[in-house]
Amino acid sequence: MSAPRSAAPGRRGRVLRLYAPLGLYLLFTIVPFYWMLVFALTPAGSTAPVPWPVTFDHFATVWNGLGYAVFFRNSVIVGVWSLAVTTVLAVMGGYALARYRFRGRTLFMVVLLCTQFIPGAMMLIPLFTIFKSLHLINSLGSLIVADTVFNLPLSIILMSGFVSAVPFSVEEAAMVDGCTRPRAFLAVVLPQLRPGLIAVGSFAFIHTWNNFLFALMFVSRQDSFTIPVGLSYTIGEYSADFGALAAGGVVAALPVVCVFAVVQRYLVRGISAGAVKG
Amino acid sequence: MKIRTAWAAFAVLALAAGGCGSGSGSDDGSGKTTITFWDNNGGARTPVYQELIKRFEQANPTIHVEYVGVPIASVQQKYDTAVAGGDTPDVGGVTTSYLANLVGQQALEPADDWLAKSPVNGKLAKPMLDSVRATVPDGKLYLVPNTSNMDVVWYLKDLLPTPPGTWDEFFTDADTLTKAPDQYGYTIRGGAGSIFQVLAEMYSYSGISEFFDATGKSTVNDPKNVEFLTKMASLYKKDTPEADVTNDFPKMVAQFGTGKIAMMHHNLGSYNDHVKAHGADKIGAFALPAGPSGKRTIVANPVDGFAVFKNSAHKDAAWKFVEFLVSKESNSYWNSKTGQIPANTEAQTDSWVAALPHLKTAVDTLADPGTTVVSPPYYLPQFSSITKADTEPLFQKVLLGQMKPQAFLDTLAQKLTDAQAEWKKAHGG
Amino acid sequence: MATMRRKAVPYLLISPTVALIAAFLVYPIGSVAYYSLQNRNLTRPWADGFAGLENFRRMLFEDELFWHSLGFTAKWVIVEVGLQLLLGLALALIVNESFIGRALARSLVFSPWAVSGVLTTGIWILLYTPGTGVLRFLGRPEAAVLGNPDTVFPAVIVAELWRGVPFFAILLLAGLQGIPGELYEAASVDGAGRLRRFRHVTLPQLRDAIVLATLLRSVWEFNNVDLLYTLTGGGPAQVTTTLPLYVAQRAVDSKDFGYGSALTMAGFVILLFCSILYLRLSRFGAQR
């Protein structure tokens, strides 16, 4: 681990410095999740703080009645595609920003930022018109494109930060060893970017996974809606079914949390990178 | 390179998932006509429509109906985007509260010609048809009524054995049912949707029967209305929860569902929510009480129904579907599932109507010759903007004691009067 | 030839992005600018047409709510992002240490980020509503944090922290991983304690990551509408109305698209100015 080891660890210091704040924060994190679980598992009208008596009615409502199975599949497709395209383009753009001083570099950065200054709701109609002329309306393709376009600027800026953190000397050393620049990039830079890739990739995936506005506005087919649309079905003027919302929430959050649990291990720099640098 | 494997597996999964389904085009060459139907309140009511569509397709094998459920909170935005982008459905659920806007954008097809020749002609409730026609300048029927709603006060029978008959009794009940620390007699809707409910309460108290007087001035700030609002606002935090000030419908229902609140004003549409939380035998409903004048006045709810869009390429099929939806059997099925008043007069006489106490209360109240129905100016395209974004925050100020009821109602009245004058001018009235 | 090709490399790398932005964002942003100079109101179609600077005049000189929402937006962004940064940094440092159960702790503290806006607000409504919420177990069964003008601000801040802190934590943890271990070793050899190593090694090395994350998050929180819209609707009595929420009320709810566009342009100019100023002041990307 790169984290330094304390000169005098001392159990008490560790508890105060590490476990106490972490425990408090975990409590803050878990209570809302717990509340969601309680409401997902108890009948409507129950106010008990424990999930008892248990019912699975809400899950049946969202999975069968509201069609979450299809929404779920669509969310995965859109999320993964957007993640893949965003990450590849972000590495390219981020590398250009971090490693080259080219004409228009500052302008490019400002333009990237500018794209984030206008709320999506204000751009719906022109975006809709563009997608319609490209025959993308009513397809998951429109969501993949729209979400990628909106994720990309931030992802590039973030990625450029991660690329600059990798010392150029590492790349030079590889090139001296006879690698071409692309090869040097793939062999030594990319492995070191692993934490950055995870961070940017999850950013892109999660924003796509959670985007409600585009998912509702650019798609008008029941079998092409995504999970956020399904979630919003549960709360409306004539029906506020918090049990169904919570059950839908469990369905929506569980896979992402699980994938995260696996992926977070890679938030650690590649071991090979250390060897090259050595 | 474990990470690569993980990503690869993830990607393969997604691509594989992409391979199945999503291949059903709109015209699959089988000679079937596909029409799209947008439900303006997708969610809990989706299964009801799915059942009706199944029946319709069985009776009309050459037509396929594609159902799209739009969440009610976003339905206007969805329609506005679709109309601007030229990608509207064939049939859509529409209510009179945004009908004027859609007609103003020339998005809808009038139903008069179809209705004249249709077997349902003469079977749709006249007050609902009139209400739809009064919403647009040309007096045409741009939406075919499916259902009507009425404001009621829901109450818990355990806490309140006999419902109040007058507003005075209501205020007394609200007082006596409030017990520290957290049991309340009533809950005021202070968040989104507040103004409409306040209007309904005020007019039922004051007994005023018109929204505008002969000179085109709004009657909203009539002294009787001010008197009522002053009384009602004084209940806040005394007989109602503090949370009320930002409570929209979902938050109200969440709170009422805990059983700590005796009475809650909403409309027939939330019946299923209350049954789910309390059980059908624990919940009752009464019409908004009469005021000191003894007259019963009811503010008409928006009429909810179906519209055919101008851009539809399959208008014949679209009308056929609408006709099916408002036919006796379908209309009866839909309204019995949602607990609202059927637009089809034949469906109104079905036995389930009388068997649902809340619905019987509503139907009896509306049928009572002593009841006056006041129509809010849904024809004003600004009506929803005035009664939502413009004045909802001001109503919160009234509850918080930062604004006097008189000043609030004066502001609201002025906005309505101005909008009415501008509308009259624009339409040469 | 070789130098020409070398010079073309960065342009080639950014070309797909430039193409996407040109195809999908230039026209929509331009249309907002265009409509800000128009009367465009679906509820008053008879009055549509060129408005000149009228929308801006109304906004600057007649609309108290514009200024009020601007003030609240500033407060919201500064407090929210400031707290997210502090907690996120602390959290990143903690889960960067090695301890038993670290993998589990990491996945747990990061997980709220994965929860969508609709759901986040739904959960917090349940947590804050008296009767279904958490406060009745803390001895305040009647407390209505969202309804009280004094408590609504901390309440919405906490709800947004829940899903916002993980973003910082992840980015900064990734940043921490990029700090070469030998820097710490050198500092240790020099006899630097934990605190000094943090100040002289960790913070400077993280500077760019912090600057970027703060900037991006500020822009994001500035334009974030969903949480406040559902949780408070901007209330009570507009005390939690941010500029974009006000835009949504005007352009979406009241269908006054022209005026909403003018408000959006105001937000655009403010964000542009603040971002450039921030990047300058923080000397982002300066060689150390």
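Letters A, B and C mark the chains as written, and numbering starts fresh at 1 in each.
Here is the rule we use: a contact is a pair of C-beta atoms (placed from the backbone, for glycine too) under 8 Å apart; a residue touches a chain by one contact, two chains touch by 3 or more.
In UniProt terms, the chains line up like this: B = Sugar ABC transporter substrate-binding protein.
Here the structure is a predicted model, which is why all the values come from computation and not from measurement.
Engineer: Note down the smallest number of touching-chain steps it takes to go from chain A to chain B.
Structural biologist: Counted as steps through touching chains, the separation is 1.
Engineer: If you tally contacts for every chain pair, which pair is highest?
Structural biologist: Highest contact count among chain pairs: A-C.
Engineer: Starting from the Cα centroid of chain C, hunt down the chain whose centroid lies farthest away.
Structural biologist: Greatest centre separation from chain C goes to chain B.
Engineer: When the C-alpha atoms of chain B and chain C are each averaged to a single point, how far apart are the two points in Å?
Structural biologist: 35
Engineer: Using CA atom averages as chain centres, what separation in Å is found between chain A and chain C?
Structural biologist: 15
Engineer: Counting only residues that touch at least two other chains, what does the list for chain A look like?
Structural biologist: Within chain A, residues 47, 121, 125, 232, 234-235, 242 contact more than one other chain.
Engineer: Quick check on chain B: which residues sit in contact with 2+ other chains?
Structural biologist: Expected reply: 77, 80, 250, 254, 257-258.
Engineer: Specify, in ascending order, the residues of chain C that touch 2 or more different other chains.
Structural biologist: Residues 125-126, 131-132, 252 of chain C each touch two or more of the other chains.
Engineer: For a test of understanding, state which residues of chain B touch chain A in their complex under the given definition.
Structural biologist: Residues 3, 6, 10-11, 13-14, 17-18, 21-22, 24, 36, 38, 41-47, 66-74, 77-78, 80-82, 84-87, 89, 193, 249-250, 253-254, 257-259, 269-270, 272-273, 276-278, 338 of chain B touch chain A in their complex.
Engineer: Going by the contact rule set out above, which residues of chain C touch chain B in the complex?
Structural biologist: Interface residues on chain C, with respect to chain B: 42-46, 125-126, 128-132, 136, 141-144, 146-149, 152, 232-238, 241, 249-250, 252-256.
Engineer: Hey, which residues of chain C end up touching chain A in the complex?
Structural biologist: 7, 9-11, 13-14, 16-18, 20-21, 23-25, 27-29, 31-32, 87, 90-91, 94-99, 103-119, 122-127, 131-132, 134, 137, 162, 167, 170-171, 173-181, 184, 187-188, 193-194, 197, 205, 208-209, 212-213, 215-216, 219-220, 223, 225-226, 244, 247-248, 251-252, 260-261, 264, 267-268, 271-272, 275-276, 285
Engineer: Could you pull out which chain B residues touch chain C in their complex?
Structural biologist: Its residues touching chain C are 77, 80, 101, 104-105, 181-182, 190-192, 241-248, 250-251, 254-255, 257-258, 260, 381-382, 384-385, 388-390, 392-394, 396-397, 399-400, 402, 422, 426.
Engineer: Of all residues in chain A, which touch chain C in the complex?
Structural biologist: That would be residues 1-4, 6-7, 18-19, 21-22, 25-26, 28-33, 35-36, 39, 47, 49, 89, 92-93, 95-97, 99-100, 102, 105, 108, 110-119, 121-123, 125-127, 130, 145-146, 148-149, 152-154, 156-158, 161-162, 164-167, 192, 195-196, 198-199, 202-203, 206, 209-210, 212, 227-228, 231-232, 234-235, 242, 245-246, 248-249, 252-253, 256-257, 260-261, 264-265, 267-269, 274, 277 of chain A.
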